[in-house]
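Here the chain labels run A, B, C and D in written order, and each chain numbers its own residues starting at 1.
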């Protein structure tokens, strides 16, 4: 799979250099934690006028998930046969745990959940397409939350509601880019660049899957 | 055909789980109804200052087509050998009948008309390309009507004529996206997202068809 | 070649249903006329404050080329073996001659000149790529002239110089679409839509040519 | 390699018509000079309020690199077996040396550095993808510097900081094109067009690499 540089398709859950037994038993817990993190990340952004008790609860839950991800990382590290290889193969996990700015990036933990939602009988092309499309929808949703969070504090912001943020994300991830709404803060622009790259992945994968499908049908017709 | 996930090419008229005889006899009626629906949908939007009698006539005709589509659905359901499979294979039809907001979506009924306009001898690539290009033109036209309908009531709208709406639709479906005109209402933005997705399909299919054509020619040259 | 629907690659000069001898002898004259037409079309747009004598000369030359194209059409029609087939295969030529609005479209006559500029030894992919890239550059140049001509008379126009027009054309044909400059008149918007379609052709052909090249190299490596 | 018109993939360092020995010995020096040129080009743009001594040092270093590139060109010319072929095969080098406006273009000398950073075992597709992606990042960075340099003097410029310039470059190279920031000067627009073309190369190569990967996997599955 990794022979294609820069594109890591949905493969099995196993990561480089770990024993499978621990992961099999804790996989569902980490998936639930990732989904829960999406909830406690989204709620305070969508409802900033929530009672302080609930906001505090979301914050605590967010830190709990962080602690869980951290603990999971160190347990997997200690179980790894080849620790150097494990560290090299899980750099994203470290970045996500260490950098507080990358908080929304903790949701990359949802990607394996997407990957496991696919049917076993699908072709590589089908799996890659569903994965990228689902990933683009998830990315668009998370980016809408992140950009709204980033822009809310800025006086000259033009993305001021979640509807605006979703509309901006849709125009960006499809590379249309109207420019009626756009981030003005540094954090918002970083989110925007991530979404543009996701857009290239989306457009590229859809086009490539169609092309390979046409080529396949053609070959079948030619070999008849 | 359905082996390609998320892309349903123009195939035969038969839908999953129905007998072909009923459909063969009523196909032309439903096609006419779909074309008529396009007319009675378009006229009141393009001529809002029409006399009340005509506006009322369009509304009645619109409901008549709706009743026809509903009746057609239930007749096909009662004729289906495997009803569960029929329901699963025709979810769009139910959504179109039940949801009043999706009124312009009833025009998906025009897609089989497009599909049958194709020549029998064409390759899959040729059929997919003509289908997607014709579909994109139809989508652009319907989206122009829908967005004009949605934006007309908004005081801060900038799409105020059918010319503006067509221009906006062209810039969106080609993923150019100037942003000199853009929808400001929720309904208008939903139409916009549909058009962006149509744009990815258009660009992707044209590119993929060209790629598969180049690959085919190359193989022919190589095998000489 | 025509098996690919909607894409007519640079083939030989011969058009459907004509004898080659007349075309071989007059080809250079018509090519010169097309180049001359580009000049007399461009000069009055780029220099609107030219002396009336020169403007008049350009107009006369423009009509002369038109008459030449018309005469050429009727001579080729009379020489054609199968006249019905000739008419059907040269519909663009008629449209260009008959419709005065399509005056810039007369420059499609430059496309065969581009096609003949290619080396004989090139592959289909190479020929299609150079043809589309050269065609996109020509289209961008002509569209810049046409949009400047159309917008000049409009009081709310924002494309007011040839530099603006070129910049707008570049942003459109690459599907970037900033929207800092955009046509506001009906004619200008029609030119814009033509340029957007040219942009899809450009992006699609470049991508498809790269894809087919990768596939070819891969097959060579695999068959080693 | 050169059979693909208009796309020159990362190949060996050797240029047409030169002896390899000189280049092998001086390659590292010219690479260092290209990296140094990037530094002395970037610093005065990013820090315009630098002390005059440093600005002067950067200017001197810039001219030194220019002299080095010029000397390298003439030495290679004198060593070339076929001088006519050498001149034809190195036209970009002359343009870069002769034209002062193309100063940022001297950084094309960094492209061979990128090309040599690749692993030997990679496939053509992998090499082309990493090369184009790295090239797009470099192009985006240099274009941000160049556009900031060009726009700084213009009173109606809207790109006034390096952050703005990077944001504009990202939106352009991914063909999103919001239009919230855009160049207004002639030089800035030329930089913009270069970036748009880079964007087509980026999107096209990513898509084409994905397509060829899908086709390859499919063929492997089919031949099982």
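We adopt the following convention: contacts are C-beta pairs under 8 Å (C-beta built on N, C-alpha and C of every residue); 3 or more make two chains touch, one makes a residue touch a chain.
This is a predicted model, so every value here is computed, not measured.
Trainee: Tell me which chains count as touching both chain B and chain C.
Mentor: For chain B paired with chain C, the chains in contact with each are A, D, in label order.
Trainee: Compute the rotation angle for the C-alpha superposition of chain A onto chain B, expressed as a multiple of 5 degrees.
Mentor: Superposing chain A on chain B takes a rotation of 90 degrees, nearest 5.
Trainee: Distance-wise, how many Å sit between the C-alpha centres of chain C and chain D, to the nearest whole number?
Mentor: 31
Trainee: Which integer distance in Å separates the CA centroid of chain A from that of chain C?
Mentor: The mean C-alpha positions of chain A and chain C differ by 44 Å.
Trainee: What are the residues of chain C that contact at least two other chains?
Mentor: Residues 123, 125, 175-179, 203, 207-209, 211, 215 of chain C each touch two or more of the other chains.
Trainee: How are the chains arranged in terms of who touches whom: line, ring, star, complete or other?
Mentor: Shape = complete; every chain linked to every other.
Trainee: In the complex formed with chain B, which residues of chain D make contact?
Mentor: Residue positions touching the partner: 175-179, 207-208, 211, 215.
Trainee: Can you check the complex and tell me which residues of chain B touch chain A?
Mentor: Answer in residue numbers: 3-7, 123-125, 128, 172, 175-179, 182, 186, 189, 192-193, 196-197, 199-201, 203-205, 207-209, 211-212, 215-216, 219.
Trainee: Can you list the residues on chain A that touch chain B in the complex?
Mentor: Interface residues on chain A, with respect to chain B: 122-123, 125-126, 129-130, 133, 163, 167, 170-171, 174-180, 202-203, 206-211, 213-215, 217-218, 221-222.
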